[in-house]
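I've put the structures underneath this note.
Both complexes below contain subunit A, partnered by subunit B and then by subunit C.
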Partner chain A sequence: MLPLTLLKTAQSHPMLVELKNGETYNGHLVSCDSWMNINLRDVICTSKDGDRFWRMPECYVRGSTIKYLRIPDEVIDMVKDDAQAKARMRSEMNKGRVGAGSQNQNVRGQLRPRYKNTPQNGLKSGSRGPINRPLSQAGVNKTRK
Partner chain B sequence: MDDLNPLAGTAHLLEEVDKKLMVLLRDGRTLIGYLRSVDQFANLVLHRTIERIHVGNDYGDIPRGVFIIRGENVVLLGEIDREKESKLPLKEISVDEILDAQRREQEQRQEKHRLISKALKERGLAVNTDIINEDFC
Partner chain C sequence: MSVTAEAQNGIRIGSLHKSTVSIITADGRNFIGTLKGFDQTINVILDESHERVFSTTSGIEQIVLGLHIIRGDNIAVIGLIDDQIDSRLDLGNIRGEPLGPVVH
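Up next is the complex of A and B:
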């Protein structure tokens, strides 16, 4: 998975950003883009020498000023699980096409991704019921002419 | 012979994926971790990273987790030779000790710089610290 894609999946996770001038910003990632510009919330900024602190509800950091970002281990585990689950799915599906249809029964249990508590499209993880899914995902019949 | 493989003799960062690497940053930091992914800017994702601080013949490791390093801040990186790693001629000490040692070395360096600029000033030359590049090896 590309570094910027990993950053995108780390949205809403806490992280540490060190800038080229040595300042560190600790906060939760709100959003990022292809230039590595990031938006953080609940930020604590520490000066280079570690002697001065600022606290701010949100901040925007231009990508070109970033030295590196440190993200929690759980993000990469989440990505690894996701990649493994997809690879398993793909190989099981290929097997199922050649062999009997019964093999697909085993696959269903593994189809669900193993990571928990990742909000999708701004929804909280607990509210994945039919009412809260966007219509496009619910498979609503589109009107045909 | 070379038209068989025009890329012969070149290196790709993709070949270094999942290897244990040492990465040197422009600010002088040394990070050791497993490379997980790369992109066209040579941005790196390092997993199970430790920051190794060297002072003289001593070194100390600080575990740091996952790094996404912006490519322009990297000086070089290299694969860690496992055999050589187990036979290091250096001594590992605790994190607190190495940080103390690093601080003392930094103070010595600043003191030396102060004396040199003072001597130069007495001779009519000025050292402007603002223009000194922070990048060092």
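Up next is the complex of A and C:
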């Protein structure tokens, strides 16, 4: 099980986050991303020595400043349920595809134009090649002056 | 080919999966718990964890903590604990200096 999967499952649950500077943040997890950046709601911040407290309605914590997160024990069991639900959804989607044999070919046909659309000169669409040209010419003109 | 984090780190941490480990963090704390998962940055899931607090005046104090995600940045050492040997320890009678933090 991946730590960030567990963290994602812990969304909406209460948790304690200790930062590298020793401050702790108690709150409910709103959201997190793959850098462990997190959004908390209804937060109580405690200073390093545990002698000062701040209450705030929400806060955002940069992942790289986190030392550890303490989450409710039951969350780890919910990850398995999440994974099972996902697997079920995936197998149902596959069933839909396999069931429609003739449609399968249509899907492939729809994909083909996408490859045709990519430029043949090896440049990806959105490449900066053509845009760079006028800029470099402008640069040359300036140096000549 | 996609290679999972667990496969990449398999030789080192994969063998510790689901076993009891001791994690010493950069601030000198010692967490004991069951390793339930890790990723490529050595973020770690530690289940049923507790902290052992060393002191020179009284025995080792165990603080029950529960489920933890410890960020890889903060981990100095992960070591396998032999449950048999560990259960034989008389923590109340072991004294020791607490570790200091890692100096960067």
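FYI, the second predicted complex is superposed on the first by the 79 of 145 C-alpha atoms of A that agree within 3 Å, B and C clash if a C-alpha of one lies under 4 Å from a C-alpha of the other, contacts with A are read in each partner's own complex, and residues count from 1 in each chain.
Rule of thumb we're sticking to: contacts are C-beta pairs under 8 Å (C-beta built on N, C-alpha and C of every residue); 3 or more make two chains touch, one makes a residue touch a chain.
Note that this is a predicted model, so its numbers are computed, not measured.
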Fit or clash between subunit C and subunit B when superposed on subunit A: clash
First (subunit B), second (subunit C), both or neither touched by A:Val43: neither
Partner chain(s) touched by A:Cys32 [first = subunit B, second = subunit C, both, neither]: neither
Partner chain in contact with A:Val75 - subunit B first, subunit C second, else both or neither: both
Shared contact residues on subunit A - subunit B and subunit C: 1-4, 6-7, 20, 36, 63, 66-73, 75-76
Residues on subunit C engaged by subunit A in the complex (per definition of touch): 5, 25, 27, 36-39, 43-45, 47-48, 65-71, 73-74
Complex contact set, residues of subunit B against subunit A: 25, 27, 36-39, 43-45, 47, 64-70, 73
Complex contacts: residues of subunit A adjacent to subunit C: 1-7, 20, 36, 63-64, 66-73, 75-76
Residues on subunit A engaged by subunit B in the complex (per definition of touch): 1-4, 6-7, 20, 22, 36, 63, 66-73, 75-76
